[in-house]
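What follows is one structure encoded as structure tokens, with my remarks underneath.
We call the chains A, B, C and D, going by the order they appear; numbering starts again at 1 in every chain.
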Amino acid sequence: MPENKIDLAADVATMSPTTNEIVTAAIAREIRDGDLAFVGVGTNGRAFTLAVGIPLTAVRLAQMLHAPSASVYWGNLLEPDLSSMPADLKQDSFTRWQAAACPSDTGVKCDMLARRAFDVCFDSAAQIDRFGNLNITAIGDYRNPKVRLVGCLAQPEHFAFVPRPIVVVDLDRRVFVEAVDFITSVGHLRGGRSREEAGLSSGGPQLVVTDKAIFDFEPGSRQMRLRSLHPGVTAEEVFDLMSFRPVLPEQLPATPLPSMQELDLIRRVIDPNRVLLRV
Amino acid sequence: MKEKLTTLEEALAPIASGSTLALGGSLLRRQPNAAIRSLIRRGVKDLTVQSWAATTATDMLAAAGAISRFEGIYTGMFSYGLAPNFRRGVEGGAIAVRDFSETAMVARFRAATQGLAFLPIKTLLGSDIARHNPEQIRPFSCPFTGEPLQAVAAAKADFTIIHGYVGDKYGNVQWPIVRDSDDIDQMIASAATRLIVTVEKIVPHEEIKRRPTLTYIPGNWVEAIVELPYGAHPAACDGHYDEDDAHLTGYLERSRTPEGAQTYLDEYARSVPDHDAYVAKVGGLAALEALDVPNREQTHA
Amino acid sequence: MPENKIDLAADVATMSPTTNEIVTAAIAREIRDGDLAFVGVGTNGRAFTLAVGIPLTAVRLAQMLHAPSASVYWGNLLEPDLSSMPADLKQDSFTRWQAAACPSDTGVKCDMLARRAFDVCFDSAAQIDRFGNLNITAIGDYRNPKVRLVGCLAQPEHFAFVPRPIVVVDLDRRVFVEAVDFITSVGHLRGGRSREEAGLSSGGPQLVVTDKAIFDFEPGSRQMRLRSLHPGVTAEEVFDLMSFRPVLPEQLPATPLPSMQELDLIRRVIDPNRVLLRV
Amino acid sequence: MKEKLTTLEEALAPIASGSTLALGGSLLRRQPNAAIRSLIRRGVKDLTVQSWAATTATDMLAAAGAISRFEGIYTGMFSYGLAPNFRRGVEGGAIAVRDFSETAMVARFRAATQGLAFLPIKTLLGSDIARHNPEQIRPFSCPFTGEPLQAVAAAKADFTIIHGYVGDKYGNVQWPIVRDSDDIDQMIASAATRLIVTVEKIVPHEEIKRRPTLTYIPGNWVEAIVELPYGAHPAACDGHYDEDDAHLTGYLERSRTPEGAQTYLDEYARSVPDHDAYVAKVGGLAALEALDVPNREQTHA
């Protein structure tokens, strides 16, 4: 399993890719030209990398390679200039960050979600289950929680309205659970057509990208399915890190490695100071 | 126009224990922290708080044991992690939570703004958010298509508190041209029953009326306006000053235990008679000015 | 019947009041301190005087005398500075006019109407009936009209949501009709409690101010009732100018004349160039 | 970001007879008149027009016999009186009208913006507006209170045309700081299926992104943007130029008869190949610059 730390003093192009870089390049290939992607706010450390660092790097990489008109809505900024990302997360860095638009009212963003103006969104979570339902609200009994989490934000909207949600989480038995304690975001609900029967649009989460493997959802049953294993990771390792057994595809390829060009852009152009993919 | 300029204590005097409060700001910007410290000082309790992305203001109220119910989309400390006192309050059963997603909370504020008891959404179909809150989220059918929808109840607050940029003595509040989003401040201002605004600076009405398109909160909606420089401290006021990292870090460290949180509130809320004393306590204006960001295009440019 | 024309060369304080001045002063006395009044847009000539000129002059007069914090929402301007009214109606005069606020979105004004943030509104109409229902939409059959008028604007909102609507029209048999051809604004509907039974708030039009007389509505029946006659006007003259007979009160006073102070303010301070009360 | 700068003719090419068009502007400001002249030139017919306070654009389309249905709050000529060609079209049975009050029309645009089939109002209870339009205004009961409400159908247009102030080649459109209200332009832009914007001036993207809070129409919502100086003539563009009184007076005089209106359209729409030729026909840029108002604080200051 590759480490995320790279030695910046070494020739960046010859270092083997970190897990974050593998994941970022894999996500970048999912971004199509013209996509508008919703990137949420992250907290610090690893949670920031998952919620913000990897998504922003991936969209910027896609912009530079095959999707020049892809863009993001981040915080209150519509199409911020990803060629000059802020060096820190202090308020004034957001205030100063140049963008195509900063709508005065957060309702503008909510309405864009509800009218399906987004193509892609990125989501992180404390729990995800077999059908891709997410929990970011509470662990344990909702009314008497063991751990109170942050709430909901717009994550219910993401799964309700965005055609191609991508979940970015680390593989962990406490995260990949048989059934989430609280359904914040409705994924494929109880599988099959239960999502549509609840009145939601078809869609729901498309990909779950982790530090060990990438998953999609089996058509029909809508159960989480292993799609590829990162280099050096075995299926048994993956199963050990999950509380439920994912569907196995007929073929189980390795997650493609980033190209030299992709690595070079990530390391030297997009995130030269290792702010976005630090941990 | 009516003069509405007053002191913080006068402005907040009508807020009694048991009230429902809507709080402006989002994440670490424009939290009405000075007003919240004043309510804590006075010992107001049993509040229902309605908020957008809640951080310092809500967590301090939670530390003071002043919140019995919270309705909003998020409570945390943004890049500083979870909100320790709020979390303790919820996990210990002191605070009942009604969670809403962003479109749902926006619909609730808009319903109040539009004089309606509800607005429709279709976000929460199948979600546990709706399942746990039949009182405020009800299923119904679209009168045109028959499709399933959800009615979310209007967010009606007894009082609304917002920290804004600059305003005049009539309560007209303007934003700078280079700023972050107002998030929900205009929305909850328009939804307000009784609206109290604190601002960084009071400017002459002549300056306000030269550029009326910059007024995001018309004085007509306002009950009281108070001049409170650094009124959002230790949070930021975009275009004016940044968040106080050292102070926030200290707050979070002390908030690891309930006792530590009480010593924080004693020191910064309960033992200081007013906002001026708070400013002195945190090092005076000179210390706060170190947080200032370059003045670009202010309303009062 | 006094004329509206005054000789500006003569000593303004000694000239007898015009009908417009009588009406303006009468309306000003209805404005209370703190009132927010909705003033619509008018077309030109007499229609402008009725819809805009008289209301603005009246509110300004009230501001100067007994209601210093009364204010208006006119066009897109909330609390425009009535001490410096624009000299013409060209776009740039509105753009330049100073005000407390100019909300970016007309929805802000609509929402204020719907949440009952206004106290008073002024309405003009092509037809008004016995119960104060207004028509500004079409004369004749709605689907095949004899005269197509402007539409609706916010006049339905005024009667639905504003507690104290004041109608300003000239007395005319074709205007004061037994039943309007099209109910644009629901007044007291069919009288009695029919308005409330339709689901509307209690309220509805309170006063109808004309060039000959002022009317209110009889409690209970909600029929239009003569309240006062302008100096020199007889009840018979009024009846001749109406297609229905209004309720007669027990006492029928004359409309009070403006005081010397009121006349002086209207003529020398508020409307010295006779822009607002020209015709 | 995608480049969306094109010519007027290219931008309007997808608009075919039978389409539903939403038109921006209000009263005599920012009517998309140049775009309308182009549609008349091409002979587009049988349009359903959705509008706010409609004046010149709608009346010219009516004169061209291009409107079969109108949905809006007002059609007239503001201080110039009634709209002569629209009136003839309605009285003669060529134009079917569905009237809406302001809250009703706002609710319709907002519903489209929010991806909903309807929004609730309580404005039109008892009104003939609702009685004559059961197809788009339906009674229903509040899911919380049971009180009578009306559902108004979302205003969905095939195309939306707006004349704005300045924009960049990516379609980001900004307003000046000293301006009149946008009325419904942002609202119908957000509700649009295919949005075409004409602007007074194209400015570099660098200028736009310096002050992103001034962007009222993000390029992300836009299909095509066209630079058309004086594109609202003979109406005004607030902050740029005033309405052309002489031209409007001439238009209204000729519009006293259907034949007169045709000679007007022949002269100013049908016989001119494009907007440049129109500008030349009305006296060239020199004549139009006489309508300019003092440049105060433009976006491109």
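Quick notes on this one:
Keep in mind that, in the parts below, a residue touches a chain if its C-beta (ideal position, glycine included) is under 8 Å from a C-beta of that chain, and two chains touch if they have at least 3 such contacts.
Worth saying up front: this structure is predicted, and the values here are computed from it rather than measured.
Counting steps between touching chains, the shortest path from subunit A to subunit C takes 2. With centres set at the average Cα position, the gap from subunit C to subunit D is 30 Å.
One inter-chain figure worth recording: subunit A and subunit D are separated by 40 Å, centre to centre, where each centre is the mean of the chain's CA atoms. Shared interface positions of subunit D, defined as residues touching 2 or more other chains, are 114-116, 122, 147, 175, 178-179, 181, 213. In subunit C, the residues that reach two or more other chains under the touch definition are 102-104, 111, 114, 161.
The set of touching chain pairs reads A-B, A-D, B-C, B-D, C-D, using the touch definition from the header.
Contact residues of subunit A toward subunit D in the complex are 34, 36, 69, 71, 77-79, 81, 98-104, 108, 111-112, 114-117, 161. Residues of subunit D that touch subunit A in their complex: 1-2, 112-116, 170, 172, 190, 205, 208-210, 212-213, 215, 218-221. Those residues of subunit A that touch subunit B in the shared complex are 41-44, 48, 75-76, 89-92, 94-96, 102-107, 109-111, 113-114, 137-138, 142-157, 160-161, 182-186, 189, 194-195, 198-200.
The touching residues of subunit D, counted against subunit B in their complex, run 114-120, 122, 138-140, 142-145, 147, 149, 151, 153, 175, 177-179, 181, 211, 213-214, 297.
Against subunit C, in their complex, subunit D makes its touches with residues 26-29, 52-53, 72-82, 86-87, 90-91, 93, 96-97, 99-104, 106, 110, 121-129, 132, 147-148, 175, 178-184, 186-187, 216, 236, 238-239, 242-243, 245, 293.
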